[in-house]
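Next come two complexes built around subunit A: one with subunit B, the other with subunit C.
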Partner chain A sequence: MGSGISDAFDMNAGDSIGELPGKPVEVSSNPAEWLKKNLFANIANTLLTVVGGIATVLVLRGVLNFVFSEERRWDAVRTNLRALMTLAYPESQYARIWVSVAVLVTLVGLSSGLWANWGTIRVQRLCRWGMSLGGFIILCILLREPSVLLDSNGIVLRDSFSEPVRESFSSAMMSRSTWWIVGISFGGSGLAGWYRLDSTGRTKTVSATSTVLVPLGVLVVSLWVAPYGHYAYSDGLFIAEPGERVALSTSIPWTWLYLLLLATMVLGRFVRNSDLAGIAKTLVNVSWVISPFVLYWVILRDPDFDYAHVVSTDLPMGLLFGFLGSIILWWLTRSTGETARIFAVCLVGIAGFNWVAAAFGWYPMLQKARISFLLLAVAALLAPNFVGELAKRKKLVTYWLTTMLLVHYMATTINSPSTVDISSSEFLGGLSITLFVAALTIMFSFPLGVLLALGRTSKFPIFRVLSTGYIEIIRGVPLITILIFFSVMVPLFLPRGMELAELAAAITGYTLFSAAYLAENVRGGLQSVRNGQFEAADALGLTSVQRTGFIVLPQALRVSIPPLVGQVIATYKETSLLAIIGIFDFLRVANSAIPSQTAFLGVKREGLLVVSAIYFIFAFTTSKYSQRLERRLGVGER
Partner chain B sequence: MADTARSSLTQSRPPFYRDVTVVKWVVQIFVLAVVIGSMFFLASEAGDNLRASNVPTDYDFLSVNPGIDLSEGIDRDPDTGGRALWVGMVNTLRMALAGIALATFVGVIIGLCRLSNNWLLNKIGSAYVELIRNVPLLVQILLYGSVFANLPRVTQSVGPISGWLHLSNKGLSVPRFHIADGFYQWAIVVMVGLVLANYVRKKRVGIQDLTGDDTRPIRSALLVLLGVSAVGWFVHPVFGFLNTPLRQISEGISLIPQAAVQVALAVVALALAVRWVIKFLDARRSPAGLAKLTDDDYFRIIFALAGALIMVFVVLILWPGLSSWLLNAVSDFFTVLSEKFGNGRSGRPLDVALPDVIQVGKFPNYGPSGLNLSIGFAAVFFGVVFYTAAFIAEIVRGGVLAVPRGQSEAANALGLRRWTVLRRVILPQAARNMLPPLGNQYLNLAKNTSLAIAVGYSDIVQVGQTVYNQTGKTLPVVSIWMLFYLSCSLTISVVVNFFNVRTKIVER
Partner chain C sequence: MSVNDATTAVSEELAKRKDMIVCVGVDKWYGDFQALKGVSATIKEGEVAVVCGPSGSGKSTWIRCINRLEVHQNGTIIVDGVELTNDLRNIEKIRSEVGMVFQQFNLFPHLTVLDNVTLAPIWVRKKPRVEAEALAKALLERVGIPEQADKFPGQLSGGQQQRVAIARSLAMEPRVMLFDEPTSALDPEMIKEVLDVMRELAESGMTMIVVTHEMGFAREVADRIIFMEGGEIVEVGTPEHFFVSPTEDRTKLFLSQIL
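And then the complex of A and B:
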């Protein structure tokens, strides 16, 4: 599935279409003409401009005064930054967090190097961004009201009406010199570029990658030189040293991560032009899919293997399934025939019966044996597609062995206790748990959503009624009721003796909810596949499974990429509801953990603002990036 | 020739396990059995577990005093669990309806801003949409809530406009328009006015069509309505006589035996199903005779008949109380209505009460006379309104952009003014594109009000949670939530569909 989408993206990744082809290059007009045309075209327009301008100034001024007010306790957020990201992950094992980030950075770097589909940006556009950013900063400097004066004890000075005394306008402007420099340098460079370049120079392009990497590099370098202040919380002690540089424990990892990003990007570029490109892409795709599991259960949770049990039970079982399964699959793929199908159906029956037995507790069996049986049945069902040449049969066996290795390793890992020293039940919290839940939800709801969409469009009435009913019921009720249902009710539904962690219950609820919406998006894509495609597939003599898998779904998914990306963003935003059902995601940290610390009693708005900013940055960049991809690949236009 | 072909076909019929029809139905029935089986299994497990923990699943709590206080609503101290949930439902509906109205207003304005040629307005619109759309609603609600909670405290002379508009950490208090004594009597007059106005409008339109003069039908109809309402404001006590006939209707309904209603409902269910089947068969009948019915068609027919039979079973045997409940509800409705008439009602139909500040005990607080928006209500309300408005703005923009450019060019060529082009040509066509996604957004808004639980506004979810925390009846409460939201969704989709059908292009 992952590779299907990436392949769709990769269709014309080779050529670098930057902007829309049909878009005319704007001829530069002088500022007066531009103002007249865009702001003061006629009386009504002028009136609107004035009203809009006043409203903007008032709102912007209110926001600035709110954010930079002397009442704001931004040190609460700075001190608790670590809590916002990872909650109470122990200091002694913090290297694991950095390793996880490094893994993600590596994957990002490799993918962007391998696919290289970021395109280019016109210099003209960069100049415009510089001018707008500079202008915006200068406007903000002018609009913010002068700050209050403090006496020697750091208490706000008040006049006879007990209003705070503010410094004069001119000294306020002087004290914002750093911001002046930043604003003028942005605006000035944009302006200079705009007027220095002639029309051919302005239409020149630079790669989008460098427009991202250079500012990131500047930020990383500034960690070493700029006095951001040193804030920390350790052993119940709050450290706040404004004016210092950030601690080395922050700047060193970020510098390494930046270098790692550069290196992996270069590596990706290098591999892209070699023969290994195909296999590297597959590997990166698979790594993306398994990364949440590996990061959470292997790297961050650090399993404490019981080696006696591993050698006596886990390893033999894995080997047994791996080798016996390989032999069975090898035998099934020797030639096309009825036997293979009948055998596969029998396997499905056994696998299904295993689960019924589990439900009624008839005979004990390790859960992973049941899962392996089920996977073997699925592989057997797929076997007819791998009949024939030796290479194909080898491929199936390789897939099988890799899957078994991963499944049995992960199952053993999940069953082992954690070595991370933490008192609460959940060892992770904050932003990391938000991202983890979002990743798992998207991953699990995708296949379920596709199945539901196929069910809803299928010719089988019972399937259609079942999927339609499910989708409509789920879409008719709010997410929060489903989450409460799952966090409160799931313990009741399970057979006695079986337990499901709170987080698992929440992810189940999210998955079931998100799948219904995803199904509707995929259904839109399915309906856009034209009838001729079905008829052509039938004319070729494909079975209905082959037709769906190789002809219909790839086209449908390609069309539904834009709504699917929208669904991904929606899912990510919905993870904020974790805070309501009592999981410490970063919204809950900002909303209830920080305000209950004695040093920052009731300090809530600062944390919430930071949380909104983080949500905004993730969601906004994702949507802009996907829009860029859509435009460049013409998704939805063919 | 044909015979041999057929016989060869029958001879080469595949074995049953490869026969498409057989496999298709076997697989479907198997999956259905698995789904029903696992649901049955889960339900039985839940039943066992509930019995083990001594929490039987029943709905008795609906008529027992839950002993909870609600933060706001039509009844702060409900007598029964059912009443508490009802208050929650009313709160949800109130928030959803007000939210839909304001969100549409804000959304249309922002959407028009985004379409404007004016650079500044355009940028304001884009900034609004991008900022609001990319921050989760829950975060916004919490942020608004914490900002409102830090407003100044209530004092006896609280601002900004003392006596008219109060804003403090207890919320917002503004003058309240409310229904007074003579409202229902006056409503009768207004209804008569509506009929008259409609008649005048039709007449005027007729004259306009005939002569080509601008007779201003809408304006004259509004004038008539206003005139009649104004007269009715003073003469409405005349309709006090309606008290007696309404009470008689109510008494008459309560005389109907329950069995008659049961039989009537059963007959209606059966008749509807039979009518549907007949129509269904008619649709498949052509001059050449009845078309061959597919499996699917049989399935639908069986489904319709089975549904009707289940309804009959429910009405007659499973839940006879439904019929008497219906009877009582209708009869009560007329009783309540009759009490609104007569009894010396001669006051103003509508009245306005200014907000007040009272001091019971130590701290001053808003009194009951003004329209008070609590902090919780304001946070959720502005949260859902701003959030939904961003999506509505995008829908408006998309809808307008989807109108072919030729339409506005043609309208310009006719010499219509800009505003007329927008009002008469662009927006009506855009509305057609906008309706289905707009309905979706209204639905989302209604569902999103459930986030009120985060700031403690007493909506259905928050009240439900309080109730099941008190009584332990989680499953019944969850089932009531689901039913409530599903019926809201259904209502909104029915309304939207109605307008959708009305605005659709008539195709031949």
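And then the complex of A and C:
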């Protein structure tokens, strides 16, 4: 069944690229011709089509009979939707979850408004989709075997060979009237559209945004009208009311989220055409980077600040680093210079010493101070690039102050205890923890991977040896080993007083693992950058850092998009190993939390099927997005 | 070795000018193969020197040594009074004074034409963006393609790309321009548009060293022609001397093959 679907996608792959004025539009032939040309062109082709078709039908039939079997306990999934998403997050605090989702929706809306060039889709293509979907649904209705008959006690009726007795084919078809309506309306509207519209009408386009927003809107409206049933597990009480509408606590937030998405998209579009576009883009980018931290540690965890400590220590320390650092950076950028470089090297030394000292417990110092020294060293290294007019110097100082503010605020929130009643060591679970770990892992491993790749291709032997050694060692060790090492072994080596939370240990392990693989992908990209590019950059007098940042890396990363996305998807799926070190991730909720509930003892398959479907949807979306990205970035290609 | 003393062949007017590039006994080996054998030459300020010779004669290697894309092993290269040594600062200084145009253009494919031209002025010369863009637009106007500023290099023809490459080098306001076979990768109908730009540049008084096989251009524009073969400078002279009455047998052979 996979091959049929991917064919349908490939067939349309070129459609969304912009059309040239004056170029005659190629209208594809009618479906019958298409079938003949692509599926039954010659004997061998026909044979393959028939064999492939039979295999597809058999597999589809098996899947349908499994999914729609009377034995399936889908209410286990419906009841536990909340557990699958967030596990045992306290119900009284659930507004926090909705706020977090709203923040993400806002960012998605703003980003798509500000950047995305959604383009258009031809009506012809929509008609084709409608026909395919309708045909597929009807095929499914026909393939699904008739339901078994139950007696008055709900026991399956069996014949003399103890095979279950099934209803007749015609009554089975009759009982699927809803599905018939759905299938025929999709297929019919597609077919009607195809034949009603002449060839010019079919090449008309609609905005691609609407093809996403309209179905989403229909889905949201259906929450208010369709009888999906009300299922919940609340205070140990199992609620199952089939035929009811979903609870208001579901429909109201989703409606608001949908409206928020629309509003932020419009806002993004609006800002895009104004003078504020540049600032808005920077703001949204920064928000994406800090959102996982803010969502997890500030909104969901709700830190319980010790204000006496904040006033006496945290605030003065943040201000001290902010202002002293600003003065130093201002001074370093006054003229081109060696001073900045020498100073930066000294700071790197101090920062490095601080970390070594921490390992031996020599200078008790807040971790924040160590991090701040390190960041100041980095800023000092960057300072020579900001020498010049006032505006540039101010920019560096602003960056520095903002960074210090954020870092000290985040450190304080992370160090403060949580007000959310935590039942286990981690208060979140399910899909949310999976996404959180995946997001942070990708965010951290990406720069590390790029650095490792640069190190491995560097002229300096020490970088080369260290990077190569690191990459080869990590690639030679299974991920599970690394995860267990970080959750069990590392805490034993840490000096007394230093702790590594389970989640932090897991993210560290994933990051170090994933970085090694990303590094190899980026290295492939680096090797594809032609020598002439290096020479041109050198001939213009760019420094090696500028050459790498402006010329080499952008080209290398573009080439490595497909393997990088592959690695991102792999990382996202590998988060299911969190279960092994005792974190209740998405998979573990379905695999062990739900089957241990008294109402659904041992009910596993349904949950696992849904979990795999959701994993697939995320991975597939990512992969589709990367294809768009590749096509868009292909603009400047030779 | 009298021919290696380049100044002998310079016109009196040129000889009075300041030395821009001085090479003395430059040697360069690739493994066991000696690509440059004691190359000595002096290029004056504002001079247009055309370097020609059969392929593999070390022409490109020599001019690539002048901005340190290749490292010479013996001898001295002095550019505008600064000697090329391993000191990184000298190299960066010389590179920002010496523009180079490549056979394969080597534009940055991921940046627009305008960004290609403004990148180095902004980050190496520390020019404000507005100023750099104004300069870039003026230079694109000068090379005749102001309307292509927002396109990507891949969308331009070879001749247009090479002109962007020239504008990119000029944007650094260099004192010397090196051309490494700038027209060899171009289709015949595009060669003229690039040569026109170079001719205009020569007339504006830029110091240029041009490695090329375009003998028409050499005859018309060059102050001096430097003929190289087998890694050495065989003959140096004015175009009249070179094309009309060359003294060396190897030069005569070369000319008989290409003319």
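To be clear about the criterion, the second predicted complex is superposed on the first by the 587 of 638 C-alpha atoms of A that agree within 3 Å, B and C clash if a C-alpha of one lies under 4 Å from a C-alpha of the other, contacts with A are read in each partner's own complex, and residues count from 1 in each chain.
Definition applied: a contact is a pair of C-beta atoms (placed from the backbone, for glycine too) under 8 Å apart; a residue touches a chain by one contact, two chains touch by 3 or more.
Small disclaimer: the values here were computed from a predicted structure and weren't measured.
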Subunit B versus subunit C as contact partner of A:Gly532, first or second or both or neither: second
Touched partner set for A:Gly541, first subunit B, second subunit C, both or neither: second
Which superposed partner A:Gly476 touches (first subunit B, second subunit C, both, neither): first
Partner chain(s) touched by A:Gly278 [first = subunit B, second = subunit C, both, neither]: neither
First (subunit B), second (subunit C), both or neither touched by A:Gly236: neither
Touched partner set for A:Gly154, first subunit B, second subunit C, both or neither: neither
Touching residues on subunit A, where the partner in the complex is subunit B: 38-39, 41, 45, 48-49, 52-53, 55-56, 342, 352, 359, 459-463, 465-466, 473, 475-481, 484-485, 488-489, 491-496, 569, 573-574, 576-577, 579-580, 587, 591, 604-605, 608-609, 611-612, 615-616, 619-620, 623
Subunit B residues within the subunit A interface of the complex: 17, 24, 27-29, 31-32, 34-35, 38, 41-42, 45-46, 48-50, 52, 116-121, 124, 130-131, 133-140, 142-143, 146-147, 150, 295-296, 299-300, 303, 443, 447-448, 450-451, 453-454, 461, 465, 474-475, 478, 481-482, 485-486, 489-490
Subunit A partner contacts - residues on subunit C that touch it in the complex: 67-69, 92-93, 95-96, 98-100, 102, 104, 106-112, 119-120, 123-124, 126, 128, 152-155, 168-169, 172
Subunit C-touching residues of subunit A, taken from the complex the two chains share: 336, 385, 387-389, 530, 532-533, 535-543, 546, 550-551, 554-555, 558, 635-638
